[in-house]
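Read from first to last, the chains carry the letters A, B, C and D; within each, the first residue is number 1.
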């Protein structure tokens, strides 16, 4: 058991989730490396100091370069806005420090390519924060698919739908501007990652992207929204399966519609993050009159279930996903073995996003570059 | 209250359902016209006579021309294979007799155009057997959409998925050959009709059509399947809404996956025929902390609920859908007023099917002709 | 195939349902006996004639004695108020005519005893209209229990909850007065019958019966409600299983809460009539990580599924339950073999109702007399 | 912000959960008091040291008296077996130290009475670990009931059902012996607490308690199980509502069947911990045709939702319940204001458990002493 100094860039929503995860992960999972909250970086001195005190960091800074450079910071978590990811990651890798970077990997495909190259050149641990796929339920679904429990996959339907922007009278905010903050840029990566993780690479797609609410109340009158609020594409996977992915921030009634259905030649799987501890499994076996989708509650028999929960039904929550992620990041550092999902997995997602934008513009099927 | 002689072409699955509906409809709905099962037509004399005796028809025949020509047959129900629809319908209209034709309207777009022209030239009642959309639940969903209960529609997702062909070891049968018997030809019309009825015309689409099980055991070795077993398309509706429709006969676990989701600017609706008496409604109104999809069980307050069921919870079943259809067909005959869905509604479905085939071949978005 | 004249006493809600069932049953099930709607009896000449014309009976009467006595009436369906059941049934049995009597069997335990004695003395077909237990889903549940699919039963929970009287401002009506019209008298029999059919005889129970809304608006001021609107009891079955049954007409949100859960030593079953085509089955077998309640949609593989529905997912509705019942009544007449549930099954239900009333008064556990 | 030294007696399942909660609570909720894991007590020196190192305590001991006496331990969490609760709590209160005690409060009613008296005499913070009722969902349900959202409560049905002992071939273990480890002793307190918290005091009840699996494989042949594995009671609440509570450790298929239904005069609520982030609410308001149970996903608008989760759908898990509990315990210490549920709430639960045992023995309704 050894101590490791963690630096977190960003102290808001995701920065806090990572800080809590680092506080808890050692006791929860009995990790070999034990995190020490060494330094937090925020945009103002006041907020940095507040995060430091609140979460229990040793130091605070407003300059991520100070954080990256500090020898007491032995690993870096990037939880700042997308456009900062590239510079911070490159500096950290240059300093030989492992990086756990929030999704999406970069603000652009170029950024993501550069970051992946730097990660792989550095040889240190690198990971992307696709935490939804880390639930016991989704890890179990992945295990089922990979073990052939439902045969060869012929169909995948995934969606990430929420309704935080469904009210047209809601004023414009940072989400309303810039492709990177649109539905394809910001919301789609989690579910694209799920599709790739569960089924495999996407070979081609045809996309349609739309702005439903074209203006929103702004400070000085109506503001024009410059990005998309719903999008979808048809695709084919390398293995031949058909797919459909859909993303929306205007889907009334959906609060965490990270959901998918997988059909194979001998069974099927269904999952919805709104009931995040259940996997629905159908197997074409046993008496026909007794077949049906069964609702499996995840528990100690399923991958990544939190070890202090002795029985099934002790539900996993959002924060647990981040703690599981922290465990794997520490494990990658400790063992020197790569842990999925790495930067190249984040890059693969960006390549699909890019293909979707191209297809929407060309109104045609496009191949996904790899 | 007046008697009307009904002739039904076809005595199998759907023919029987129509016969039962005609026996029950008068007592159930107190219709002005009371059906008399006058003549049934089947391919062999033995089966025709068996249907006659079993369902209580006055006469039996193996020649649909005899049925159409008999003066005692005052209205014709076509429940025979698709390729026979055109000739029978044209003859019936020529004889001035109302026609209720099973879906899909014709075996081809050409057939459907000719049938619609004949129907409209004749001026007599004409109807297509899209019975799923006739449930109280789907009629209520339609009423909600049309009354603006969920605002302007921005998204529609529909599927018709079943698993009757999911087992690859199942021998080839009539369903395995010919575009008209494939998933797009045979399974898609019900849900395309639902999309048009719920949201309105489709302007353009891009489709992908696939044969998952390319061969099946045949009488003398492996038989090549010549049609599709799953298909999907992205679309835009005339009103601007985005859509996705998906059809499969290899969707393990789905028994009657006639299901849709509709998102509007102020609410959303969900429906699944596997629980056919429930409509899920979300309205963005009232205290935010109390919002959620509510499960509404259809009852006497909803359209087309069977009148002898005094309270909600007296579930509607498949046969009831056919009885509701029979009522409307009789009403159209009695009043001379058209009742939805007419032949032109069946034609509109075929135009979408045709566009999907074109798009699949050209790998491009296509406009739906109207 | 032979004709049989049916007389129905009562033409309202249940009378109509039976009339429709008799019209449809021959075509649906290909029964050996084919019903002819011979005579309907109602309280006024006008309503009797209206029922006759609407449902297609040959004759109408206001005197049930005329109906019972008519030689053309070969079997009698009793769908009139409870207090009339005894006299009609006794007269019919005296005339040697089979009887299908609506539930509850008699208006009192005495009536039920007399009716059962008369039925058994007559030797003709006799049946009670417990139609909910006749759905394919509940028949499948019964088959599962009886075949040992869930082991020895250790627990049963049943409820019949609706909300038709939940609104306290609703005026008093016939339901508000008299024990026979209360929740125990009128609502409980269906679920008690289910308990007996699924698990077996109840040996003892302790009950609590309550009037939630003690007064209701009446014609001339507040009217005192003289019967119960919710009731429950703990019980033990002869086989040792524990049970709980609950009945309510004031259960807001429940529209057809005819629902039960059965736990056995190797599995469990759940059912709710609000989704009447699904049975939920849990079996403690196969890999532990893949166990869960599975939702089985009833179809052609399940008992009593309507034969014209080729695949699962063609839902059964309320009217179908009555048609299934009609088939079995005709079968009992044709074959001379008793068909469940007979009058003695209706009597067994009344014995449980009686024990519950006794227990409520004595505030003690009571044995159920048999 | 001030430091406080925490001592935890017990380092197994619940001890670990409390340790993790204390590590995370400050960062999660920004509490005024910041816990320091000061000392852990376990039965062997080896396990005590292992817990110390794993969870990050300063010291370890095998003697709870040492822990209670250490001035650096400023508050005590009791997570050791029931029979130890009394002595530890009394010693802690004698030393003027706040206590958070796991449920059930004492191993007997006598213990619970003594502990409550000591707690109240001491004047320091005291709390019982009923963590299930602390979920945002159940706190929201409680808020709804208390605000009158469903009118006057007329019905409550609660169950705590699991299946960890459903397999009869599972060998006997500590759970198989002693009333305190039976279903009434160990499993019932959470749901009884829920009933009291949601509806109010129980006035009287009649209970039935059973041992389904009377023997289990033991080390030297069949071992006789000396406690109950399923139990139920009918009750009346002080407010007049009827109730039913049921407990089982042999309920196949149930993994965390902590579930309840509440019916009021104007609405109803349903909850099941197996889907712990959802509350189902029915309100008898708005258009009748649009009424139904709505599924509300808890989020930032609901009580106790974790503050770093910005939107709904970021699910709460089991560990979060313990963290919420830790926050309230710290708040009670900091403010000197009592925080629900206190020891007297734990005592009230034990009084109901006692009444149930009495009723089972006497086979009669009994009043619950208070």
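The working rule: a contact is a pair of C-beta atoms (placed from the backbone, for glycine too) under 8 Å apart; a residue touches a chain by one contact, two chains touch by 3 or more.
No experiment lies behind these values; they were computed from the predicted model shown.
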Between A-D and A-C, the pair joined by more C-beta contacts: A-D
Shared interface numbering between subunit C and subunit B [over half = same, under half = different]: same
Averaged-CA centre spacing for the pair subunit C and subunit A, given as whole angstrom: 54
Interchain centroid distance [CA atoms averaged], subunit A/subunit D, Å: 34
Set of subunit B residues in contact with two or more other chains: 278, 291-293, 297
Interfacial residue positions of subunit D with respect to subunit B in the complex: 140, 149, 281-283, 288-297, 301-302
Parts of subunit D lying in touch with subunit A, wherever the complex brings them together: 1, 13, 16-17, 19-20, 23-24, 26-28, 30, 34, 53-56, 162, 164, 255-257, 273-278, 297, 299, 306, 308-320
Footprint of subunit A on subunit B - complex, ascending: 150, 154-155, 157, 163, 166-168, 206, 208, 210, 212, 230, 232-234, 236, 242, 244, 246, 248, 250-254, 263-268, 282, 284, 291-293, 363-365
